[in-house]
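Shared between the two complexes below is chain A, which pairs with chain B and chain C, respectively.
Coming up: the complex of A and B.
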C-alpha cells in the first residue's frame, strides 16, 4: 500500500508534465474501470439509480396503475407531519410499533449476548460447539423461524401453552393476539433467533482485550465486577459501537416476524413501519406517500446512528 | 493445589488469568441456553412427523405418535408446488452467488490492487450504501424490475440483490492483506492485470471466496420481504414466500407447515454444519475490523 500511494502522489505532482506517464496512468484507469464495470453496472441500476428515483417518486402522487402522476412537491412529507392527513395516524402508529420493538429488543440483544460471550470466554471444553449451537437459529430464514413460533405460540393449539398447562401454570396466554403478550413474543423470538450473531462478535471483542490489563487490575485489588466495568467494558467499546449500530438498524427494520406471527394483531398495533410502508407502496399502490415514509424512517435511523456514535465517542474521552 | 497456597498466604496470591476457570455454574448456564435454542428446532422436526390429529391433540408432547411421513407426502403431492419452490430457491441462490463472486472479486481487485482516477470516490460511494436501509430501494426497485419485465420471474430474485456492497468490501479487505511480492514478480515476467487477478489473486483467496459464497447463498435463500412482493404466481415462488402461502393454506395443519419449514431449513443447516467455522469467524471479526 505504501508504495502505491507514493506512486499516486508522484503521478499527481507530475500531472501535465511528462506525457508518457499521464498516458500510462490513463491506461491503468481504463484497466481498473474494466474490472469495476460488471459490478458498477448492476450497482448503478439497482442501488444508485433507485435511491434517486425513490426521491423523485416521493415528490409525486404516484399510482403505478394510473398514468397521471401529478408532481406535488413536498406534500407527501408534509402529510406525514399533519395530524389530520390520511396517513398520519397509521404511519405514526407503525413508527410507534417499530419504536416499541427497538426499545424492547436492543437492550436484551446487547445484555444477553454479552453475558453469553463472557461465559464462552472462560476456559471451557466444547466452546466452539456451544458457539455453533447458539449461532444456528440465525442461519434459518425469518420465514422458517416465524412459522415455527407461530405454531408453538398458538394460544389454543400451540405447544407453549400446552406445556405451561401441564406444569400447572396459566395455559391461556394470548401470545400472538393481544398486547403486551404479542410484543413479548416478537421480542423473545427475535432474541432467540439472533442472539448468536451478537454473541460471536462480542466474543471476538473479548478475546481482543489485552490480558495484561486484567492482571494489572488484579494486582490493584480489583474484584470481578470492577474488572468488568473498568477493563472489559472500555476494552469492548469499539466492538460495542458496531454491535449497537447493527442491532439498532436490524430491529428498526423488523418486518417478517410481525408479518407472519401476529399479522399486526391486535388490530394494527404490532404492524411495524416497514410493514406499513411496504403495504402502502406495493399493496395499496400509494408509491409517492410510501417512498416519502421510507425517507423519513431513513432520516430518523441516520440521526439515531449518529447520536449513538457521538455518545460512544464521548464516553471514550 | 495452588488454592492451598493462596488460602494460607493471601497477600502472595498469583494474579488470576484473564480466562477464568469454568465452574459447574458456567456449564449449567451454557447447557440451559443450548436447551432453549435447540428444543424449538427439535420440536419443529418432530412435529413434521406427526399425523394431523396428533399435532393438534397432543401439543404438549413433541414425540410423534404414530411416527409418519404423511405431512411430507401431502406436500409433495398436494396443490402447492413445494418441490418447484425448492428448485427455484436453489437456482436463485446459486445464480446470485455466482454473480456476486465474479463481479465483486473483479471490483475488489481494482479497489485493492490498482491505482486509478476516482478510486476514493468509487470506494466511498459503495461503502456509503452499506448503511442505507433496504426499504429505501423497495419501491423504486419494484418499478425498475417491472420495467425490465422481470416481475414474477427468478431474474428479480437473482440480479438486483447481487449489487450489494458487502461482497466488494469483504473481498477488498482480504485482497489488501495479500503480500505484493508474488504479484510484482509476475509483473516483471510480463503478466498483465487479468492474468495476475485470475492466476495469483483468486487462487490465493479461495478461503475468502468460499466464505463469501456461503454468506451470499444464505442471504439469498433466506430473503423474505422482496420475494413476497415481486413473485406472484404460485409456481414461481421461492421457499420463503412459499412458507407464508403454506401457513395461509394449511393454517392449523401444523405437521404440514412444520414439514415445509424443515424442507426450507435443511440446505442451510447442512451448509452451516459444513462451513460453520468460516461463517462464524467471518461474522465474529466483522466487528473487530469495523
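Coming up: the complex of A and C.
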C-alpha cells in the first residue's frame, strides 16, 4: 500500500521529465514480471499447453495406448451433433444432467449464503462460532461427504428414511437411486457442503460496505428491505459477480458426488458431463472424443460466463 | 565434408544408426523379444525384478511382502521388489510406463484387462514359459487358461479366481422357521424359501442393479438360462436374447413379487444381510473376509440353479509379463521363476478372499482345513464362466450394468433395457475392433 502511494507520488512529481519516469516504470515492470514468472510458467505448462494440445487431440481418433492415431478432422465434433453417433445420446444426456444440477444448485448456493452472511454480519453473540459451523463441511473431501451421505440416505437402511418413518412420513424414498430424489440429494448435499465458502466471501463483501450508507438510508426513511435492495445488493455487486462465476463453474464441473453417491444411476441419468468425459478419456481411452466434448462444454461455459458478466455490469455509472 | 575426420565420424554415425535399426527390427520380429524365455528355475546372472499389483487392502498387504521375502531368501540370484498400488492407478500408469521402458517385469491383472494390454503390444507372450513351467490347461479350472489368451497366443498365467456364491444369514432363516442346513439348490426350493420368508414378513433376497451383485447375478442367470453375453468372435452383444430377458425378468420379479424391496442401493443387500434384514445375497467369494459379516451367523452355498443349467459368474486374475521397451530377457525369465514359485505357494492366498487358481493347491486338503468357508466356492468352479476375453471389453460390459440398472429401477422393461444396452455394446465392440484389431 505504502509502496503504491509512493509510486503515485513519484509519477506525479516526475511528470516534467520523461526519461526518469520511463526508466522507473521499466524497472517496476521487470520486478512485476519476475514475480509473475513462476505463475506464468506453471500456467503455460499446466493450462495453456494442455488446452492447445487438447485441441490437436480432438481432431484425431486418439487412443493413448495405440500408436495409430488417425487424423479425422472435425469428425469428433460432428459426432456430438449427429443423433445416431456413438457419443451423441450419452453426451447430451450428461450435459442435461449437468444443466439440471447447475440450475438446481446455483440459485441456492447464492441465496442461502447471502442470507447466512447477512445474519452473521449482525453483531450477534457467538458469530464466529456460527461462521465456523457453516464453513466446517467445506474442509471435508468429496469422498468423505459422499460416503457419509450415501450411508445416511440409503433408501432402506439409511438414517434419514428411518427418521422420516418415525415422524409418520414416507420412509421408502429412493434418495440415492432414483430421480428426482437423487437430484434433490445431490443438490442438497452440495449446498450443505460448499455454502460456507460463498458465505465467507459474501460476509467479507458485506463488511466492506460503508456503514454510513446504511445510516444515510435510515435518515431517508428506508426500511430493512429497502436498505437490503438499495444499499446491500449494489454494494455487493463486484463480489457477487465473482461468487456467481465461481459457483457456476464449480457446479458445472460436478463429478465426485454423482460418481460416488449415485454412480450415475438410474441408468446414466445422473452421470454429469465431466463424469462422462472422464469415462470416455480415461476409462475407454477415447481421448479424441473426450477432448472434443471438453471443448463443447468449455464453449457453453464461456458463453454463460460472458452473459453473467454482461448482466452484472454496473449500469448506474 | 572435406575434413576426413568429420567424414569418418559421419560414416560411423550412419553405420551405427543402421546397426541399431537392424537390431530393432530383428528384435521385434524375433522370438526372443516378444516372448518370455521359458525357464522354470532361473539360473542367469543376479537380477532385480519389479512386481506391480493392486493388492492394497485386506490380508494382502501383510501376506505379499512375506511371500516375496521368502522367495528372495530362497533365490539368491533374484531380488523381487513388490509395489502395491490401487488397481485404477495401475491401469493408468502401466501402459505408459511399459512404453517408456519403466514398467514392471511382472504384474497381476484382471481377466478382462489381459486382452486389452495384449492387443496394445504391452505384454510378452507366455506360451513358452507355460510349457517350461510345466503348466497345462488341466492344472487350472476349466476355461481359465483360455481367459488369458488373445489372438491365438497365451499372455496370462492364472493366479486366482473369485466366483459368486449364495450368502445366507442363518438367524433370519430360523426366524422364518426354515432349517438353515437344508439349503435351496434349484428354482423350486429357492422360491419355497423366499415364500416362507415372505410369510414371516422378510424380504428374502434384496436385488439391486449395480456392479458387484446385480450385474454378476444377471450374468450367472443368463448363462444358467443357456444364453451368453456376446457371440463367439465378440463382435455382437447377445445378452438381450430370450435367455437374457428371462434372467433379468427373474430378477425384476423378485421385486414384483415382494421378495425384494424396490430401489436397493449399491451394497444395500450385503449390508441388509449383515443387519439381519434379509436372508440371501448373491455375492463374491471376497465377502468371506468381510469383517462386519463375521458378527452374524452366516454361511455360503453354491448359487442355486434357477435356469436350465448350472452356471456361475467368476472373475480371475492373471500374471502378466510386460513388454518393456528395451526390456531385459533375463528379468522376465527370472520373473517366470517367481510366478511359478508364487503359484506353488499360494495356499494362504485364500486368506484374502480369493481362490488360488492352481488346482494342486486348491485340492490340497489343508486348504479347506484352514479355510472351510471356501468349500461352496471351490465346488462351483467346474461350471464357472470367466470374463469375456476381448480388447476394450470393459466399455461394453458397462453397458450391461446400465441395462440391468434401468430394469431393476423400473425405468424400462427387462427386454427394452437389454435391447438398448445390447445395441450400445455392439457399437462399442465395433469401435474396439476398429482400434485394437484382433
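One rule holds for everything that comes next: the second predicted complex is superposed on the first by the 267 of 317 C-alpha atoms of A that agree within 3 Å, B and C clash if a C-alpha of one lies under 4 Å from a C-alpha of the other, contacts with A are read in each partner's own complex, and residues count from 1 in each chain.
Rule of thumb we're sticking to: a contact is a pair of C-beta atoms (placed from the backbone, for glycine too) under 8 Å apart; a residue touches a chain by one contact, two chains touch by 3 or more.
Remember, it's a predicted structure, so these values are computed and weren't measured experimentally.
A.B. asks: Is the arrangement of chain B and chain C around the shared chain A a clash or a fit after superposition?
C.D. replies: Result for chain B and chain C: clash.
A.B. asks: Answer with first, second, both or neither: which of chain B and chain C does A:86 touch in the superposed model?
C.D. replies: second
A.B. asks: Contact-wise, after the overlay, does A:267 reach chain B, chain C, both or neither (first, second, both, neither)?
C.D. replies: second
A.B. asks: Going by the contact rule set out at the top, does A:66 touch chain B (first), chain C (second), both, or neither?
C.D. replies: A:66: touches chain C, not chain B.
A.B. asks: Classify the contacts of A:282 with the two partner chains as first (chain B alone), second (chain C alone), both, or neither.
C.D. replies: After superposing on A, A:282 lies in contact with both chain B and chain C.
A.B. asks: For A:150, using the defined touch cut-off, is the partner it touches chain B, chain C, both, or neither? Pick first, second, both or neither.
C.D. replies: After superposing on A, A:150 lies in contact with both chain B and chain C.
A.B. asks: Looking at the overlay, what does A:99 touch: chain B (first), chain C (second), both, or neither?
C.D. replies: A:99 sits against neither chain B nor chain C.
A.B. asks: Could you look at A:295 and tell me whether it touches chain B, chain C, both or neither (first, second, both, neither)?
C.D. replies: first
A.B. asks: One more residue to check, A:188. First (chain B), second (chain C), both or neither?
C.D. replies: It touches nothing on chain B or chain C.
A.B. asks: Which chain, chain B or chain C, ends up touching more residues of chain A in the combined arrangement?
C.D. replies: B
A.B. asks: Chain C has the stretches 9-17, 63-71 or 81-89; which one runs into chain B?
C.D. replies: For chain C, the clashing option is 81-89.
A.B. asks: Based on the A-chain superposition described above, do chain B and chain C contact any of the same residues on chain A, and if so which?
C.D. replies: The overlap between the chain B and chain C interfaces on chain A comprises residues 64, 150, 154, 157, 282.
A.B. asks: Across the complex, what residues on chain A touch chain B?
C.D. replies: Counting only chain A, the residues touching chain B are 1, 3-4, 7-8, 11, 25-26, 28-29, 31-33, 35-36, 38-40, 42-43, 45-51, 53-54, 57, 64, 116, 119-124, 128, 130-137, 139-144, 147-152, 154, 157-159, 161-163, 165-166, 192, 196-197, 200-205, 208-209, 211, 214-215, 218-219, 238-239, 242-243, 249, 252-253, 255-256, 259-260, 274, 277-278, 281-282, 287, 290-291, 294-295, 297-298, 301-302, 305.
A.B. asks: What residues on chain B touch chain A, complex-wise?
C.D. replies: Counting only chain B, the residues touching chain A are 15-22, 26-27, 29-30, 33-34, 36-38, 40-41, 43-44, 47, 56, 59-60, 62, 99, 102-104, 106-107, 109-111, 114-119, 122, 125-126, 129, 131-144, 146, 159-163, 165, 168, 176, 180, 193, 197, 218, 221-225, 229, 239-241, 243-244, 246-247, 252, 254, 257-258, 260-261, 264-265, 268-269, 271-272, 276-277, 279-280, 283-288, 290.
A.B. asks: Show me the residue ranges of chain A that touch chain C in the complex, using the header's touch definition.
C.D. replies: Answer in residue numbers: 61, 63-66, 86, 150, 154-157, 172, 174, 176-178, 263, 265-268, 279, 282-286.
A.B. asks: Within their complex, state which residues of chain C touch chain A.
C.D. replies: Touch list, chain C to chain A: 92, 95-96, 120, 122, 206, 209-210, 261-266, 268, 271-272, 275, 277, 392, 394-395, 398, 402, 405-406, 409, 411-412, 427-428, 431, 435-436.
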